[in-house]
Amino acid sequence: MKSIVDFTVKSNKELNSSTILLIVESKEELPRILPGQFVNVKIDNNSVLLRRPISIHDVDYKNRQISLYIKVLGKGTASLKELEVGDIVNILLPLGNSFDISLGKKPLLIGGGCGVAPLLYLAKVLFEDHNIKPTVLIGARSEEDILQVNEYKKYADLLISTEDGSLGEKGYPTNHTVWDNPEFDCIYCCGPEIMMKAIAVKSKEMNIPCEVSLENTMACGIGACLCCVQDTDKGHQCVCTDGPVFNINVLKW
Amino acid sequence: MKSIVDFTVKSNKELNSSTILLIVESKEELPRILPGQFVNVKIDNNSVLLRRPISIHDVDYKNRQISLYIKVLGKGTASLKELEVGDIVNILLPLGNSFDISLGKKPLLIGGGCGVAPLLYLAKVLFEDHNIKPTVLIGARSEEDILQVNEYKKYADLLISTEDGSLGEKGYPTNHTVWDNPEFDCIYCCGPEIMMKAIAVKSKEMNIPCEVSLENTMACGIGACLCCVQDTDKGHQCVCTDGPVFNINVLKW
Amino acid sequence: MVNTIVDLNGLKLKNPILTASGTFGYGTEYSDFVDLEKLGGFIVKGTTINHKEGNPYPRMAETASGMLNAVGLQNKGVNYFKSKIYPEIENLDTNIIVNVSGSSIEDYIACSEIVNDLSHIPAIELNISCPNVKEGGMAFGTSAKAAFDVVSQVRKAYGKHLMVKLSPNVTDITEIAKAAEDAGADSVSLVNTFMGMAIDINTQKPLLSTVTGGLSGPCIKPIALRMVWQVAKAVNIPVVGLGGIMNAADAIEFMLAGASAIQVGTANFIDPDITIKILDGIHEYMKEHNIDDINDIVGII
Amino acid sequence: MVNTIVDLNGLKLKNPILTASGTFGYGTEYSDFVDLEKLGGFIVKGTTINHKEGNPYPRMAETASGMLNAVGLQNKGVNYFKSKIYPEIENLDTNIIVNVSGSSIEDYIACSEIVNDLSHIPAIELNISCPNVKEGGMAFGTSAKAAFDVVSQVRKAYGKHLMVKLSPNVTDITEIAKAAEDAGADSVSLVNTFMGMAIDINTQKPLLSTVTGGLSGPCIKPIALRMVWQVAKAVNIPVVGLGGIMNAADAIEFMLAGASAIQVGTANFIDPDITIKILDGIHEYMKEHNIDDINDIVGII
């Protein structure tokens, strides 16, 4: 069941000049959250009208906290950056489907840009609930954009690629040597569309099952407005309810 | 010359549950400000579109500070209440005409509600620059709404009336005993329209010159939009440039 | 006890709050947040005779105090509604209204006939004002003659309450409203979205796949309110007002301007439980202003 | 050096930035904030043949991302402009355009003839779209025939650049634009304000003395932009775009949609020096996107 919850800001940390880690706490028990699900955050000042969809980066049931990993892009996210400890944030959750854990036994998680956000919680669930230590490959422009490294290392083997070679291998995630001798049997991917499309092509070639998490623009987040559609083999599907996670086989990429 | 100045908030004090005293400081020399003039304050968050006109309550040329006495009514003023020390407020100033100091020698200043705002600076100018100690009569619903008492007392003899009699005389400013044996020869008045109209009637009867400061809703504050008009014997005049101070003789009250 | 029941020409609502078509799904999307039976009713999404895929993505762009959408009436068709959705909601104790859309008079008639047979659907809202479909849609709503034609034809095919939803993209909305009244509408609802557009200056491309889309939200409220006021003065059938209603104050403005009931649209996206908050706010307002019957404030301006 | 000069059918502007009538006074109100000679031009307030007192107070109400005004063309008449204002501004090195308003064709003609004699006024903007006056005004702008009539009559009386300002309160703005073009307009500007309204639910009274007024500001931008895009595709004369332009990005959107120049209105009230900021922003955009000539982006959508 989805609900509207007033969370309290517990911490709001700048990870780099354009990325924040926002940790918020609920008074009540958290609902069960699946990896890949997202929230829809109400922006408090009136500078924007609609809520902003943000993936669930981490969940701490004990302390009733969730964390959000947010790239500051425009007015809505800028306003989230201004939040201070103790402020109230109204959040709609949990939204969307989730990654299909049964896709394989040796998963490779690939994240680019702020697409890494949902992969931490996915890695955690794989590790803690399914006894699987996944491989996580993070790609970014440069060293400053490779964040939360120690968090990923808790649950996963971490690989890094940067476009400028300042950390990990130089190049895009698609060029990483992890592909040369693939020891993974399924892929979960989230990042810029152009990257996900490239990964989709590779995984199809290699016949490895692959899921991607999409970030279409949304209004309601609950399947009511039909604004967030993605073209699939079943026609237009809502990214907010039929997704955000899709198996690449159903996409018309 | 009017200018647009980025002021810095020096202090923002709650005087009572719905009134704040906002003191802001400019990096540059303040322009010369006449008593009765006002500023047009830009509201930073996007919840409102237009600037908000606020009287100049006090001026400190030496420290390049002005103070604003603000009643929190709606979204714009609520947003001013949120301002914190160090925040930047963009202000257009100085706007409007001013009280006519030559109206008399023994002035009575009457303020009701947040209409007291411009009277402090008027009293100060009369006292410091013209060697006149005016009488100030403040009316309010109740004791909690009688604010800045010590400030007024610096420059004026202070009389108080409250509707519930909790401080000063019980009743409206128009019923105050100051009228019984009038020792004043001119009146400057600012407050709710209904009060100013009553004062205007009384002063006409008693043949005492009287100026009132109006608070029509404004868009530009600089005479460009013609939204703030008042009907006068010269037709529609702009409260923001021909006013806010008008002699009651020109008003069609 | 105060009265909030309004009677729209025979269609009784327990309170004046409806939800706007296309913004409330089939109601079920909101059942986690709203006790649907507390509403005066809800209007399900635009339904056409045949399945429609709608327009390509991107279909949405946010603007100052508003949003543009170009959904284009995506729906699985009226027969899908009848067989799959209707059984899920038919027993709700509230008014479920189907928004009937089409691109030809024949389509409107065919769709209305099917809905006519659904015993728990007491009314249709005839959408002659959708700006997001190539053929028909808004064309029927922007000429008095075309509006008269389609409404009078549907009137023959549909026996229950016929609400006609008007387009604001017209010079004189009272003309269209009067044409709908003359053609036998039981009520009119207004407004649908305004045709608007937005551009990404970096890509130098429109933000919607269809270039233009429908503008909704608080930005349109002043214009919608004016139109409701004009139409309420011009027709003798009840007027249902909408366009940018975000809170109880907005709803009351529409009622003061002449709306017997109101619809909440875009606001549902921001606060899924906003309809209940509006209902509560209306009760508070009635209390504060000593209003015993909500009908007493309708059209006092 | 990049080029920002635009040529509106013979009327040369040093850059595409004009100010909207009624929002910039006679220019002088802004001279403390803006070097007027840096602007492409400015359009003075609505001027009529005779003195007009305008509508009673209250004339203004703020709405979501917008404002309603009901000024009603208050001005001292064209002869006052000629004798008192014109001498103060005639030597400014920029284009001063007079917004000619009226309530009968005769008034428009008489006013235009007087302005025709002012050698430093290179153009008039014929306001056939003011929603705030009882007679005439918007009526001329809401029918193609009426628009054609008034424009063709004024065309005979006025020899210089004739810009016609269109009302957005119409079903099909391209029809009116084409009528203005056919009648001899040198350019069209759009949009004027949308007719809107607002109510105070506590007093249960309209917020404007005239009940309805004209809506301007960012809220109208998506609709205005759509109309500019439609009109630019429909006519062969230059289009001047306005409606809710608050910053350089908004201005560029209008140019991409087909406006050869733009006007800044309500934004002047919030930031009196916004025109200069927009000009700077356009220069930055041109640099970032390697645009040598601002005319290159006009209408690429």
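Chains: A, B, C and D, in written order; residue numbering restarts at 1 for each.
Basically, a contact is a pair of C-beta atoms (placed from the backbone, for glycine too) under 8 Å apart; a residue touches a chain by one contact, two chains touch by 3 or more.
A quick note: this is a predicted structure, and the numbers were derived from the prediction, not measured.
Peer 1: Both subunit A and subunit D are touched by which chains?
Peer 2: Neighbours common to subunit A and subunit D are B, C.
Peer 1: Measuring centre to centre, with centres taken as mean CA positions, what chain is farthest from subunit C?
Peer 2: The chain lying farthest from subunit C is B.
Peer 1: Measuring from the mean C-alpha position of subunit A to the mean C-alpha position of subunit B, what distance in angstrom results?
Peer 2: So the centroids are 54 Å from each other.
Peer 1: Quick one: report the Å distance separating subunit C from subunit D, using the average Cα coordinate of each chain.
Peer 2: Centre separation, subunit C to subunit D: 34 Å.
Peer 1: Approximately how many whole Å separate the CA-defined centres of subunit B and subunit D?
Peer 2: Once rounded, the distance between the two centres reads 36 Å.
Peer 1: Return the residues of subunit D touching two or more other chains; collapse runs of consecutive numbers into ranges.
Peer 2: Residues 65-66, 217-218.
Peer 1: Which positions in subunit B touch two or more other chains at once?
Peer 2: 46
Peer 1: So with touch defined the way it is at the top, what topology do the chains form here? Options are line, ring, star, complete, other.
Peer 2: ring
Peer 1: Every pair of chains that touch: which are they?
Peer 2: Contact pairs between chains: A-B, A-C, B-D, C-D.
Peer 1: Considering only the defined contacts, which subunit C positions touch subunit A in the complex?
Peer 2: On the subunit C side, the touching residues are 22-25, 29-30, 32-33, 45, 53-54, 56-62, 65-67, 69, 71, 74, 217-218, 266, 268-273.
Peer 1: Write out the stretch or stretches of subunit D touching subunit C in their complex.
Peer 2: For this pair, the touching residues of subunit D are 63-66, 68, 142-143, 169-172, 194-199, 201, 204-206, 211-212, 215, 217-223, 225-226, 229, 244, 249, 252-253, 256-257, 285, 297, 300-301.
Peer 1: Show which residues of subunit B lie in contact with subunit A when the two form their complex.
Peer 2: Listed in rising order, the residues of subunit B that touch subunit A are 45-47, 75.
Peer 1: Note which residues of subunit B are touching subunit D in the complex, please.
Peer 2: These residues of subunit B touch subunit D: 1-4, 42, 46, 48-51, 92, 216-231, 235-236.
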